[in-house]
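Labels run A, B, C and D following the written order; every chain starts at residue 1.
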C-alpha cells in the first residue's frame, strides 16, 4: 500500500546528497549542509568514505548530534585519522586525492559556476553581501567531482551568476583547462530540494536528470531563470526513507536546526 | 615605520612587504634571547597593536579564537585595522561595528547580515582572496618568498578583486595563479599551553598557526595555561611555535570564550546566538558596551559577565579530550 | 607508463611530470578504500619498484633510513634507478656499486670516495639541486603546483647544473629562483608505527615525509611496529601520513639497521665503518654479497649477519626515549 | 710565567669558532665541525644560543660526547624546543630569523664563495668529486652572517673556486643583491687553523683580521693562492684555553674522532 512521507525540502536535499557518495572514496566537505550530508551518508551508506575538512581534519567520524555553526571542534573532528592545517588540506585536493567535493551555493548558472559572494550592484557596492568563497573556490577547482547542494528556488538558478566565486565550467567546454584549472575536474551534480542535475558532456550545460517522485518536469524547471537541458529519460527520486529521516531527526539534528524548512510530501 | 606595506593595483589595495624589509625587521626588532614576555592583554595590545595594522588569527570564532585579545583591541579603540579573515564569524562584525576595522581580506566574511550590510553601506572594504589564497599568502610570508603559485582561483572572479596574478608557468606553459606574500603586522594566537618565553602548543587542527607566527611582524600569544619551558624540551614534536617568533605572552584562561577551547571548555551557544542576532548599530553598541567597554579587562568580563557557574558548566561539557594533549 | 616523466634542458636531465598527469595517476591508480596492504619487502619492491624509477626516502643512512627496503632493491637487481639523495650517506655508494642507480640528484652525495670516484669515472650522473632545492621540489610535487620559488640557489653554480630557472618576480621586480616540482616514482618511508592500511607515524624530525608521500606515484612504508588503526584515531596529531597515500606496508623491525631508529635502537657504528671504508669494487662486491645477495631477506640478514646479541645491545644503547612516542 | 699549550689545528679552529658566537642569538649549524663548535660554545660561552639544524631541530641541547657521523639522532637533537622538517627549517633562515650560519668548506675564494662540490676537470667530469651543497647553499644564502670554518691549507684558498656551491659575495660588491639573494647577508668570518679573516666592507674581499699567537702574517698568507687584504691592525688569537681543551677532549670528543689533526703549540 502506498504510504505518504512527509519531510522538509532540506531533509530531501540532504538525503539525496547522501545517496550520491561512493564508499571507499574521499570527499572534501564544505561547511553547513554538506557536513550533514556527509554524516548521514557515513552513518547509513558509506562507512568507508574518508572525509576531509579544509582546516586539515582527515577522516573525521563526527559525533552525533551535529553541533551547529561550527566545524572545527572536538565533536566534528572526532576520531580523525590525522589533524593538519589548511595549506596541507588543500594539498590533498590539489594532488588529485579528493574524489568528491561538496559545496553549498547562493546562485548557480547553467555551467555550474557558483556565486557565494554578493547579489546585485557591483562587487564594490553590492545590494546584498554574503560570506564569499571560504574554501569553496579550492574545492570546486581541485576536486574531481564537485557536488553542489542548493535549495530549489528560482532566483538561485540564473543564466549568469553575479560573481564567479567557485568555478564551474566557466563559459563552456575547455574553459577550465584554458584558465589553468586541473584537467578533468568540474561540477558533477547539482542536488536541489526538488531534483537532481548533471552536466552534459559535450556542452557542459546543466542537465535535469531526475525529479522527486510526484513532481513533473515542468514543476521543477518552471521558475528557474534558465532552462536546463533534459536527460533522455528523466528519473524519479524517491523521498527520504524512514531510515534517513530517523537518523536526521533523532541522531544528527534533534533540535531541527539544519533540517527545518518547507514542508513537502511524496509517496514512499 | 618607513617600510612600504600597502600597494594598489587599479581598485585593489593589498598588503605587501618586500621580503628584505621583513627580514630586516626580524633582524633588528625581534629578540632571539630567551627572556620572559608575560604581560597583560592590555599591555600586549597597547605595545604591539597600532592603528592601521593588519591583523590575522586562527582558528575560528567558535573554536580556539583569540577572543579576549579581540575584545581588548576593541576596548582600546584601535582604528583603521585591516583584518585577514578566514573563519572569523563574529570578530569581523564586532571589529567593524566598533569602528576598529575598515578593510577585510576574505576568506569568509562572517555570520549574519550586520557585516554584509556594512559592506553594502561602504563602511568596510572587502577584498577576495579565498581561504586557500589567504592561507597561501601567509605561507609565502612565512617562507620568505614574494609569492607562491597555485592552480585554484584561476577562472574565477576572485582574480579581479584581489592582487592575484596569472603567469605562464615556465615548466608546463600553462597559466598558473600567483598570490603575493602576506606579512601581517600582528598575529594573534590563542593556544592551549605556552611558557613565559613564548614557546606555544596548540592541540588539534589549525589554519596557519606556525605560518602566521613566522610571517608576522609581531606575534601575541594568549594561553589557557602557562607551563614550564622544560615541558617543551621534553616533547618537541608537540611545539607549535618556538619562543623567538613571539613578542608577548598573555595568560588568558577562557580566552576563546564565547567560542570553545578544544578539550577545555565548550562553546557558549547562547552567547554566540546573541552575537549572531545583532542586526542594528544600536544592538551592536549595546553588546559592545555590556561585554567590552564596561569591563576593565578579560578577568572582569569573566567574573561579572560570564560568571563562575557558566564557566564550570562549559568546562563540564568539554567531554572529548582524546587527541588533545 | 605513457606519462612523460623525463625532460632535458641542454646537458641537464630532470624529472618532471605535468601536475595533471600526476593527478590522473592518483585518480585512477591510487586506492582510497581502507584495505589491508601488509606485504613482504620482496613483494612490495617487486610490485612497486621498476627499472628506471626515480626514488626518494628519508631520513638519513644513520637515522631512520629505509635500509631494509634499499637492500631489497639491490637484492632484486633493479636497474637504471634515479635517486633523490639528501642524507643518503651510504645508500648512494651501495646502489651505484650494485649497478642499480645511474643518476643521482643531490642534495648530499654521500660518504667516502667510492661514490666520488664513480662520479669521476662517469658511472653515475649527478645533478645539483642542493638539499633545500630538492626538498622544495618535493614540496611542489606535494602541493600539486608545477614549481615553487625560493631566494637561495641564486648566484651559485648549482643554477647551471640543475633545471632551476631564474625569473623576475612580478611583485618585487627582483630575480627569484624557481625549482620544478618533483613527483618521484617511489617514496620509501621507514616509520616507527604503521597500521595495515598504511597510516603511519614517525617520531622525531623528518626531511619531507608527508611531502614525499603526497608527491610520489607509489609509496612503500616499512614499519618497526604494526599497530591498530584505532590508535591513529585516538591521537590524530601524531599521524605523519594517512593511509590513502600508501601502496604497501612492510613490517620491518630493525629496518633502519645499520642506522639507528630513534628511541628504538642505536647505530651499529662498526658496521657503518665497514661500509664507509669501501674503496674498491672488489670490497663493494664482497660487502653486497655477504649482506644482501647471500641472504633471502631482511629477516635472514638480521638472524645470520647481525644476530640477536648485537640487536639486543643496540636496543640497550637507545637510552633516550624522551619526545619519541 | 708563559706556558706552552699543545693542541691540534682542528682544536684551535673549533675553539676559535666557539668564541665568535654571540649569546642570545640563533645559529644555523652545518654538519660535522660546526656541530662541535656549537657544542663547545654552548657549553662554555653561550648557554642561551639557539641552534637550528637543517632537518628541523630547533634549539637542540646535544648530549655529550658527540656522536660522530650523524646529526639527526636522539643525542644530537636532545631537548630541542621543536622538531619540524626541512622545508620549515629553511623557512626560519629565509625569513631572517637566523643570525649566524656556520659551514665547512672544501675551497674558498677572496669573496668568500664556497666550493664543496668538485675539484679539477669539469662538473660533468671532475677530477675529484665531493658531497656537494647539502643545505650549505641555503645557509650561506639566507643567514645574516655566515661563518666559514676551514683548515688553513694553501690549496683551499684559491683565487676562483672551481664551483660556487654556496654563495659568498660572488664577484664583488652588490653582486648578491643583483642575483636576488637577500639584502645584507654574506660571509662574515673565515675561521682557519691559523687565523681569522673578515670581509672588507667596500670591496667585499677577504681580509686577515688576526693570527694565532706566535705566527707571523707571512706564515699565515704565504701558501694561500691569493693574497688577502690585511686589517690595519692584525690581532693575536690566544691558543685554545685549558677549559676549551678539557671540554673538547673529555666531554665532547673523547675518542678524538673530530679533534685529531696536525700538532701545534703556542704560548698560553
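By definition in this document, a contact is a pair of C-beta atoms (placed from the backbone, for glycine too) under 8 Å apart; a residue touches a chain by one contact, two chains touch by 3 or more.
Computed from a predicted structure; not experimentally measured.
*Asks:* Chains touching subunit C and subunit D alike, please list them.
*Replies:* Intersection of subunit C and subunit D contact lists gives B.
*Asks:* Round to the nearest whole Å and give the separation of the Cα centres of subunit A and subunit C.
*Replies:* 40
*Asks:* Report, in whole Å, the distance between the mean C-alpha point of subunit B and the mean C-alpha point of subunit C.
*Replies:* Here subunit B and subunit C have centroids separated by 38 Å.
*Asks:* Subunit A to subunit D: how many Å between their CA centres?
*Replies:* Each chain reduced to its C-alpha mean, subunit A and subunit D end up 58 Å apart.
*Asks:* Would you give the residues of subunit A that are in contact with at least 2 other chains, written as numbers and ranges?
*Replies:* Expected reply: 57, 77, 79-80, 83, 87, 94, 142, 182.
*Asks:* Please list all residues of subunit B that touch 2 or more other chains.
*Replies:* Those would be 19, 144-145, 150-151, 174, 176, 204, 234, 236-237, 322-323.
*Asks:* Chain contact graph: line, ring, star, complete or other?
*Replies:* The chain contacts form none of line, ring, star or complete graph.
*Asks:* Among the chains present, which pairs are found to touch?
*Replies:* Touching chain pairs, listed by label, are A-B, A-C, B-C, B-D, C-D.
*Asks:* Spell out the part of subunit D that touches subunit C in their complex, as residue ranges.
*Replies:* Per the stated touch rule, the residues are 53-57, 63, 67-75, 77-80, 83-87, 90, 94, 117-118, 121, 123-138, 141-142, 163-167, 170, 175-176, 178-182.
*Asks:* Enumerate the contact residues on subunit C facing subunit B in the complex.
*Replies:* 16, 18-19, 143-151, 165, 167, 169-172, 174, 176, 178, 180-181, 203-204, 234-238, 322-323
*Asks:* Taking the touch rule as given, give the residues of subunit A at its contact with subunit C in the complex, in rising order.
*Replies:* 23-26, 48, 50, 57-59, 61, 77, 79-83, 87-88, 91-97, 99, 142, 144, 182-184
*Asks:* Over in the complex, which subunit C residues touch subunit A? Could you list them?
*Replies:* 19-20, 22-27, 30-34, 141-145, 199, 210, 214-215, 232-234, 236-237, 239, 242-245
*Asks:* State the interface residues of subunit C toward subunit D in the complex, per the touch definition above.
*Replies:* Contacts found on subunit C: 11, 59-60, 62-64, 86-87, 89, 106-110, 113, 115-117, 119-120, 122, 125-126, 128, 130-133, 135-136, 139, 150-158, 160-161, 166, 174-177, 204-209, 211, 260, 262-263, 266-267, 269, 272, 318, 320-324.
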